[in-house]
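All chains are identified by letter, namely A, B, C and D, in their written order; residue positions are counted from 1 within each chain.
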Amino acid sequence: MQTLRISTIAAALLLAGSAYAQQQTCFPSKHGPNDQVGNLNYVTPEKTLAATRLVTKGKAYRLGIETNKDTPAFPPRTFSVIILQPGQVHGSSLGPTKTTYNDDIINGWVGIGSQVDGLGHIGIDGVYYNCNKAPDFAKADGLTKLGVEHIPAIATKGILLDMAGYLNSEIVKEGTAFNRAEIEGAMKRQGVKTIERGDIVLFHTGWTKLIGKDNKRYGSGEPGLGVEGARYLAERGVAAVGADTWGVEVIPFEKNAGVFEVHQILIPMNGIYILENMETAEMVKDQAWEFLFTLGPSRITGSVQAIINPIAIK
Amino acid sequence: MQTLRISTIAAALLLAGSAYAQQQTCFPSKHGPNDQVGNLNYVTPEKTLAATRLVTKGKAYRLGIETNKDTPAFPPRTFSVIILQPGQVHGSSLGPTKTTYNDDIINGWVGIGSQVDGLGHIGIDGVYYNCNKAPDFAKADGLTKLGVEHIPAIATKGILLDMAGYLNSEIVKEGTAFNRAEIEGAMKRQGVKTIERGDIVLFHTGWTKLIGKDNKRYGSGEPGLGVEGARYLAERGVAAVGADTWGVEVIPFEKNAGVFEVHQILIPMNGIYILENMETAEMVKDQAWEFLFTLGPSRITGSVQAIINPIAIK
Amino acid sequence: MQTLRISTIAAALLLAGSAYAQQQTCFPSKHGPNDQVGNLNYVTPEKTLAATRLVTKGKAYRLGIETNKDTPAFPPRTFSVIILQPGQVHGSSLGPTKTTYNDDIINGWVGIGSQVDGLGHIGIDGVYYNCNKAPDFAKADGLTKLGVEHIPAIATKGILLDMAGYLNSEIVKEGTAFNRAEIEGAMKRQGVKTIERGDIVLFHTGWTKLIGKDNKRYGSGEPGLGVEGARYLAERGVAAVGADTWGVEVIPFEKNAGVFEVHQILIPMNGIYILENMETAEMVKDQAWEFLFTLGPSRITGSVQAIINPIAIK
Amino acid sequence: MQTLRISTIAAALLLAGSAYAQQQTCFPSKHGPNDQVGNLNYVTPEKTLAATRLVTKGKAYRLGIETNKDTPAFPPRTFSVIILQPGQVHGSSLGPTKTTYNDDIINGWVGIGSQVDGLGHIGIDGVYYNCNKAPDFAKADGLTKLGVEHIPAIATKGILLDMAGYLNSEIVKEGTAFNRAEIEGAMKRQGVKTIERGDIVLFHTGWTKLIGKDNKRYGSGEPGLGVEGARYLAERGVAAVGADTWGVEVIPFEKNAGVFEVHQILIPMNGIYILENMETAEMVKDQAWEFLFTLGPSRITGSVQAIINPIAIK
């Protein structure tokens, strides 16, 4: 397990002074006081049906990268898988047809590789999505609210914004913030007309190309969504925002931005999911800009995140 | 973690004598000597495109059940999730906007709850799909072949066969085998005309209704696919077979059948994936018989199985 | 894993009002500002040498109980062990002499079964032994101070107090507090003259006899050390206090006592270790009241507790 | 976790041809057909009592090294510890005295750092100590025989042989075998007269000095016990053999020796425990050659090995 360099983050932490006076810490959801699923409420059957009509070629893409002990991860996250053959010691097998089997065990932090950040992941001073306070739901053996098991079936319109193409760079430089101007610029370049309620927006930056080649740079920063851009997407009512980076959010953080403030704007303040380490390179090559996006995260009761592999279909 | 009762299985193991003389243990894949993904090769863009046209209402279903320490599981599988707040001991938070976060760790066997059995799961006397021998690829820290990370994006036609409806039973009795007659009978009843190459067939039996109510019965047996039925589906060229049971296969095993011989017919002999504990009750209620089935299992390098939550769209 | 009933504890938590006004939260160690090992400083070579002279019969006792998934434990602690045979799939072995081997993996909370509570285990409002503040040393991947790896070799005088015998009860009733009167009474009955600096005092109550027989009662309370008794032992300068109970401390807590206040008096306020679930029945039978006590806890870097099995020699 | 270089081992595996024709694979124990503890049967109260009389200074030594993610280990072993504060999210504490606590979880292979190899660790073609066959006792969730929980209290005479001093080398070269001549030579140099039944023999080689400095060399080989030396110690009836190396046994293996054949001679053939990574440097400095050795391994039910920290007292 390679650990990300957080020196940059730490530096940002010390220097940053947020221009955004965050006096309000509880943001009641617009989806009602008992809501646990945020903007996925916007994904209606009409929305899903329309998204299936975006499919014109039938090409399906898997957006997940691999998760293993060498995948660069936010410290102190570690991961291992164990393979064993229960009841088959020294060559024994089961029954007359000699059945043998491999079984597997995972010992690992969930936030490694491609992942969805559930609504219980990020808070503001201990207050999470829809005014849920951490001591009330964050139990050591599982969240009692906002767990990933509550996430409904996701099948909606996905939009891929090729920021690498827009910025004419194979790998967009770390610290490059995507705000309204950049988002609309990329949309215009690609002919994407609108971002609507319940859409899922993915940014392509080329950043995952660094994995296994320059893990140190990969983890020390990243291009990504800025504070104003996050508010812009929140106003559009998107259901989720993703990128081919480990944190979606621009790092080093923007001047005057808080530490992971974009995460705060998206998750606790607006009920928008974050999709990290999405593999989008082949879709860019195919110019698959608008498509059917489907995701069913593993329903592990009380989990905060999930290791995912969404399927995009164009 | 409740453990399944395997007394029935153990009894079957001792009594069964397989009529099927399994002299041949290596079954070269029809997809070529290097193939690692089996009948998912049949899922072409044309197939995917056609499947998206089955969507008429836009209703999306999540097929996963929850996985947790109480989910009944094949022994000695156990599961736990741990929630913690790294770097936030005693109320500290990150930076000026006071970011806080929950993180999660999984310690658990993968084969609990809804799961896909990858092609490295089941073998015949130590020989797995496409003649891969266990000592060559089943390393203690991950499969070096046939791991779940190789599974391509899955988006194809799904077919749901309501065996409970066909047999006029809320919960089909354990030991009830689904063979050609039952499969074709259910198809006819529902107006399903054909099962084709690359399709995914799911059986609804009502069995998951026992979870949390009668875990002992749930794990002691199950209705499911029989040996002849497995061969029938293999001949059709299906990509995967699933059910709302923990093992898809009929238990007690049929007379003359081996221990998990249906698993052997599907996985090592034919490259067909198995999908266990699929939640199909709501689809039955909606008569969603033919639909777009999508699945992207977590790409954990070298894993045998994956905890899944496929999305079906009608 | 059976979880302890904490309803009693929770009730105590709600009702208790501490008579002890705990305004002071930082208790500098008498062993110096950099000390990490507490009263084990009192175990000098002279002390160790004298303790070896207590051995008259050469009988050695193991004080550890077994730790496994069924050992009753404080919630949400769980435990599992995994056995596998790496590189020996399907009957292969290593080299000409056909070496085979079993290997094992632990996935579990440390605080299960017999355990030592290290000086980093218990704090007062986030302040731990020797004024160490939790955010400064309690990192998610290991304590950077006060970890069990710092504990020196332990070989000192042990004193066993047979509270069951003193109170004429096979199993001392839960809620029975051991304070100065009871401690001195038991000493007198046994002919134990003094408790001195660096001694380790163990209480026998018969409580572990409940394990596997009445786990519910076992975990719902326990007899044990009271607040005044803890202060008395602290004044004597003992190095550790143990018992054949899961928490050493009397539960329900004494009237006016805080939640686990005895733990606070011993660990952060006085640098005294706690030894839980010590199996002392055979020693009582042998009247092994004063003896050589040895313990070397596993030196897992940054660990809070250790699963232990001390050796007492009489 | 640094993994040991096993290229040397692999090479030995391919080239070695054992002169020792191992036709016999089942070695009934001299301690009776039901024995599970081997030569620890030789540790009688008389033996223990005599060992306590070796203590002349009262100096106690901890023999354990630290176990953590960076400790070099035999592949694919990995290790991690997790620290968390259950029920104390965002600064909450328990009750009026504001109790806070750290708790810890271990996810790791047991065979890392200082460890005892139990009698269920090593076999000859699937047959273990006292003719126990692996399929009969090596269950995936714990050994049902020969587990570490059966090990009795260990308190006996320890003998430290300073091979580095004898060979006039700060760090004895890898591949240096200790056989009868070397053992007796070192004994003579130190004035150690006899090795007796129930003794524990430790070799000091200086090898642990490489940890953290040259992990590659540390894991690629080691000086250690040879085949003839192992038989010599077995004839003496020792209870355990240890060293300040990761495997005790000489590597590269001797010409004509099998892969870990010394392990086979000691454990399955003679019921002698192996103690790895024993920290003996300070004892050598103090010339603590004969001493009281005590060890109580954690009694984890069904475990194969234990992470240990024996206490030696001189």
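Please note the rule applied: a residue touches a chain if its C-beta (ideal position, glycine included) is under 8 Å from a C-beta of that chain, and two chains touch if they have at least 3 such contacts.
None of these values were measured; they are calculated from a predicted model.
Over half of the residue numbers found at the chain A and chain B interface occur in both copies, marking it as a same-residue contact. Same interface as A-D, judged by over half of the contact pairs sharing residue numbers, among the pairs B-C, A-B or A-C: B-C. Between the interfaces C-D and B-D, more contacting C-beta pairs are found at C-D.
Averaging C-alpha coordinates per chain places the centre of chain B 46 Å away from that of chain C.
Between the Cα centres of chain C and chain D there is a gap of 26 Å.
The centroid of the Cα atoms in chain B and the matching centroid in chain D are 44 Å apart.
In chain D, 69, 76, 78, 80, 82, 84-86, 89-91, 100, 103, 105, 107, 125-126, 134, 138-141 are the positions where the chain touches two or more neighbouring chains simultaneously.
Contacts from chain D toward chain B in the complex involve residues 75-76, 78, 82, 84-85, 88-91, 100, 105, 107, 139-141. In the complex of the two chains, the chain D residues touching chain C come out as 12-13, 16-18, 20, 22, 25, 43-52, 55-69, 76-77, 80-86, 91, 93-111, 113-114, 120-126, 128, 134, 138-143, 149, 151-155, 258-261, 263-264, 292, 294-313.
On the chain D side of its complex with chain A, the touching residues are 69, 78, 80, 84, 86-87, 89-92, 103, 107, 125-126, 133-135, 138-140.
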